[in-house]
Amino acid sequence: MNIKELYQEIILEHGKNPRNLRKTDNFNKDAKGYNPLCGDNVHIYLKLNEKKKVEDASFEGSGCAISMASASIMTDLVKGKEENEVKEIINDFLGMIKINPELKSKNLKDDERTKLMCLSGVKQYPMRVKCATLSWHTLISAIDNTQEEINTERLD
Amino acid sequence: MNLSNIKKEFPIFKNKNLVYLDSANSSQKPQSVIARINDFYSNEFSNVGRSVHALSIAATNNYENTRISVQKYINAKSKDEIVFTKGATEAINLVANTFGQKYLKEGDEILLTELEHHSNYVPWHYLRSLKGVKIKFAEVNEDGEVSIESIEKKITSNTKIIAVTHLSNVTGAILPIKEITELAHSKGIPILIDGCQGAPHLKLDMQDLDCDFYTISCHKMYGPTGLGILYAKKKWLEELPPYQGGGGMIKEVKKDSISFGDLPNKYEAGTMATAQVVAFDQSIKFLEKIGMNSVIQHEKELIDYGQEMLRKNNSVKLVGNPKKKGAVLSFTIEGIHPHDIATILDEDGVAIRAGHHCCQILHETLGITATARASLGIYNTKEDIDRLNSSINKCKKIFNLK
Amino acid sequence: MNLSNIKKEFPIFKNKNLVYLDSANSSQKPQSVIARINDFYSNEFSNVGRSVHALSIAATNNYENTRISVQKYINAKSKDEIVFTKGATEAINLVANTFGQKYLKEGDEILLTELEHHSNYVPWHYLRSLKGVKIKFAEVNEDGEVSIESIEKKITSNTKIIAVTHLSNVTGAILPIKEITELAHSKGIPILIDGCQGAPHLKLDMQDLDCDFYTISCHKMYGPTGLGILYAKKKWLEELPPYQGGGGMIKEVKKDSISFGDLPNKYEAGTMATAQVVAFDQSIKFLEKIGMNSVIQHEKELIDYGQEMLRKNNSVKLVGNPKKKGAVLSFTIEGIHPHDIATILDEDGVAIRAGHHCCQILHETLGITATARASLGIYNTKEDIDRLNSSINKCKKIFNLK
Amino acid sequence: MNIKELYQEIILEHGKNPRNLRKTDNFNKDAKGYNPLCGDNVHIYLKLNEKKKVEDASFEGSGCAISMASASIMTDLVKGKEENEVKEIINDFLGMIKINPELKSKNLKDDERTKLMCLSGVKQYPMRVKCATLSWHTLISAIDNTQEEINTERLD
């Protein structure tokens, strides 16, 4: 395994210039996440319309390249999708980043799948998996409105 | 694993003269445990936790693996219910301190028994001076047992927690802890079991037992020194305040406030006994390989054999005669002080302990100042008991007793 | 002992690729320490204390021998001033808890510094909630130092204890602890020195330093995990109440009262980390054999070399620039998060740590969320620093920095 | 070293039938001692006349054969001696029991020396030295009137 597979150009680019790093106006769902290991923190904002379709997604926070890129790619990707679809994608992503070799979700377009697979290098770096998954867990929390701050130390 | 050959697994018994009968004090260690410590320090050492380099990741995984092994071994519901401490004594202090802090006030009562080890009394005693709580002692009967009735008798509407030993380190009595737990819970009282002597000798199932707290001393369980375990139901670990403060157990630290980490980190402040935790996995594997059924059967045979032999020996008096007994043979000899017995036995390579075994209250209740104690481990044999008996006879001869 | 060959004494460096720069977290262990643990468990194991058999007597002598070695090593007045704990964190908790209990009341002030490790803050924080005391922080300057003036500024007539680090585990600043101690004593205030990072790298002389408490973390000092030391002046150990309660620390136990043992037993409740204490004697012997003058000189050369090299490296920014600095090189690289640095370095076998190093307050003060930290041990070499530097360059390349 | 050298007949005999196991009437000096290791305890009573000569010495307490024999022999021996002589004998005894091969005190008669040397076997049993010395340390405390209870854990 080469370190360059972890730090692919697309990750570095998203890490450096994260998309959606702002606070959505009139958001109607949000949640905070924290990774005590890195000190990474993230705040996810969602705006869903009446049909539960994501009109906007954004985040605030700071962290390592992996966590920033992951949040950036994620928020880009969920825009325009329906809540159910988003949940399905999250599961697919979390499965892939831990064990599955591939993404299976039908709700992902080919280019989206390719982009997400850029994060798959993390699998070989167990301590960094949490960096990649923090924003995703926080997204679940936002959708479910659990009001509970995500703390990656609680996650396996 | 063949129990008749088990001494071979313990390097200390290369000394063929040694008859080690002091396992209630601390057990010997099998080669696999010793080797694991050696390997870990020699090839894999790193601190666990927050470093991201390869050694640290591997060490952290090993450390957390032991937590999972312990969880499975004692059938706890969640790995987060397993807290590593420096010993059983610290585990009990942790509970007494945090439970006392949050839930106890003047006039409340803590119920112990007359059998308890100082480690399951002194920590509660602190609350007496600090908070004005009362300590009650369920009585031991003449057989050295504490019955469910004697516990029930001392429960009042002020009883806020019960703390009892699983297996007495003096009389060997095995307490009916499942019944005591049911009784306690029927009155809404939480219960701590001091499992120091129970854990190495009996089968453990936390979900079946349903106790609130259970404490283990790893060095008595074929594991390294400097390590203990607190099992506690998750709700308690969540509700109780943290104990020691330091690195690793916090979430966020500011100049005017601190928030604490999640379980089990909340109770593991500072750098932990990494190598010891990693090696303790081998102690559990060792016991699993033998199987607790075999351990129990083997030790029961020895206890029965030893009791019979000592009963037949004139002037030897067994201390306690509990119906359910494990691992411990305490005795006195009229006319010979236990310390003289221990010294003479030692001359023959027979290692026992003499004194009050950190149970002064029990000794006072029984009206004796000290006892001699032969305590068993998985490695003991009938020949060891024979050697014990013949050294006792030598004692008697030196002291001109019949 | 030849320092250029010193890696040979540490089995872990059979892995030639390893550049271990995480010693401030925990140090590697020399063969002599590992072998002592192995021998002790294999041939000599017994619990210490109150058994009178031969194994126990020998173990007790070994255990107490280490106490005397420590006493001599740090030039304490009496061996009774050496208390073994499970770690430095416990040692600080012990002092905060017992001192707070006896001497602190609402409105009293505890003076720390912005440099402190969480282990020298959280234990004092508890007293804030419990007793209503206040915590003040002496300010760190832009070089990452805490001066005697900045301590003096924060002392008031309410200051009841001062607790400061000897050597910062982030900036490497060596504090003027002798002057701070004199200042504190001139105002009648006792002082605790957190010596976790000081002890492995500097010469210690308790009688000359005259501090009231000094805490040591043995696993950072080429010793086993699960062991720490509290040095405390005898009068404090006599006057303060006991900490944890249990076996071994009592004198007489009755149902309604307990009297406590003499020093140092009073503070060593329950079965201690016997094997670890016995082996720690070898850590001290190891350091004595090299000689602290050689250690200090060797590490100073490395620090100077490392500072120069990293200063020359574009985009690398050293954190802290103290005039007196030891053992630690913390840095950031504009545009690369420390965790990414650590992961990339690790790929080359260069083990460093990234994060806040249990010093969130310092990081907040410095306005950075995390740093990368390379920390030194006696086994490091200039080649290690070269490897660090070239891996940093690789990082920069991956992140397209100049 | 044979265990019989430790448990010589004279020790066993004094251990079983200790002399002076009582409380001196009108004692004018006393002190208590305790050995947490064994649970042994001893209370020494002295009656000195105006010339600081020991008119009577006795003890109460319980313990192992070694500690009972030691107290028994000791109390027998100090009777009739002057305070200074007693102190000198104590030092001599404590020196012998730890390192010196012999007793050197001029204040000991030959038979007294022989009797005391019966305790010398303890030297080979480091954990038992405190059993033999407890009453002697307590005697010092009584003579000096320190009011401090002797605890053998404090002694080396």
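Each chain carries a letter (A, B, C and D) given by its place in the written order, and its residues are counted from 1.
We adopt the following convention: contacts are C-beta pairs under 8 Å (C-beta built on N, C-alpha and C of every residue); 3 or more make two chains touch, one makes a residue touch a chain.
Keep in mind that what you see is a predicted model, and the values were worked out from it rather than measured.
**Q** Name the chain whose C-alpha centroid is farthest from the C-alpha centroid of chain C.
**A** Result for max centroid distance from chain C is chain D.
**Q** Going by the touch criterion at the top, tell me which pair is linked by more C-beta contacts: A-C or A-B.
**A** By the number of C-beta pairs in contact, the winner is A-C.
**Q** Between chain A and chain D, what distance separates the C-alpha centroids? Give it in angstrom.
**A** Taking the average C-alpha coordinate of chain A and of chain D, the gap between them is 80 Å.
**Q** Using Cα averages as centroids, what's the distance between chain B and chain C in whole Å?
**A** The answer is 31 Å.
**Q** From the C-alpha centre of chain A to that of chain C, how far is it in Å?
**A** Those two chain centres are 39 Å apart.
**Q** On a C-alpha centroid basis, what's the spacing between chain A and chain B, in Å?
**A** 47
**Q** Of all residues in chain B, which are in touch with two or more distinct other chains?
**A** 50, 52, 56, 252, 339, 343, 354-355
**Q** By residue number and range, which residues of chain A touch two or more other chains?
**A** Where chain A meets two or more other chains at a single residue, that happens at 37, 125, 127-128.
**Q** Would you tell me which residues of chain A are touching chain C in their complex?
**A** For this pair, the touching residues of chain A are 3-4, 6-7, 12, 16, 37-39, 62-66, 125, 127-128, 131.
**Q** Touching chain A in the complex: which residues of chain B?
**A** 50, 52, 56-57, 60-61, 251-252, 261-262, 265
**Q** In the complex formed with chain B, which residues of chain A make contact?
**A** Interface residues on chain A, with respect to chain B: 34, 36-37, 125-128, 151, 153-154.
**Q** Would you pull the chain B residues touching chain D in the complex into a rising list?
**A** Residues 335-340, 343-344, 347, 354-356, 369-370, 398-400 of chain B touch chain D in their complex.
**Q** For chain C, which residues count as touching chain B in their complex?
**A** By the definition above, chain C touches chain B via 11-12, 14-15, 18, 20, 22, 25-26, 28-29, 31, 33-34, 37-38, 41-47, 50-56, 86-90, 92-93, 117-119, 121-123, 125-126, 135, 137, 217, 219, 224-228, 244-250, 252-255, 258, 269-276, 339, 342-343, 345-346, 350-355, 358, 360-361, 364.
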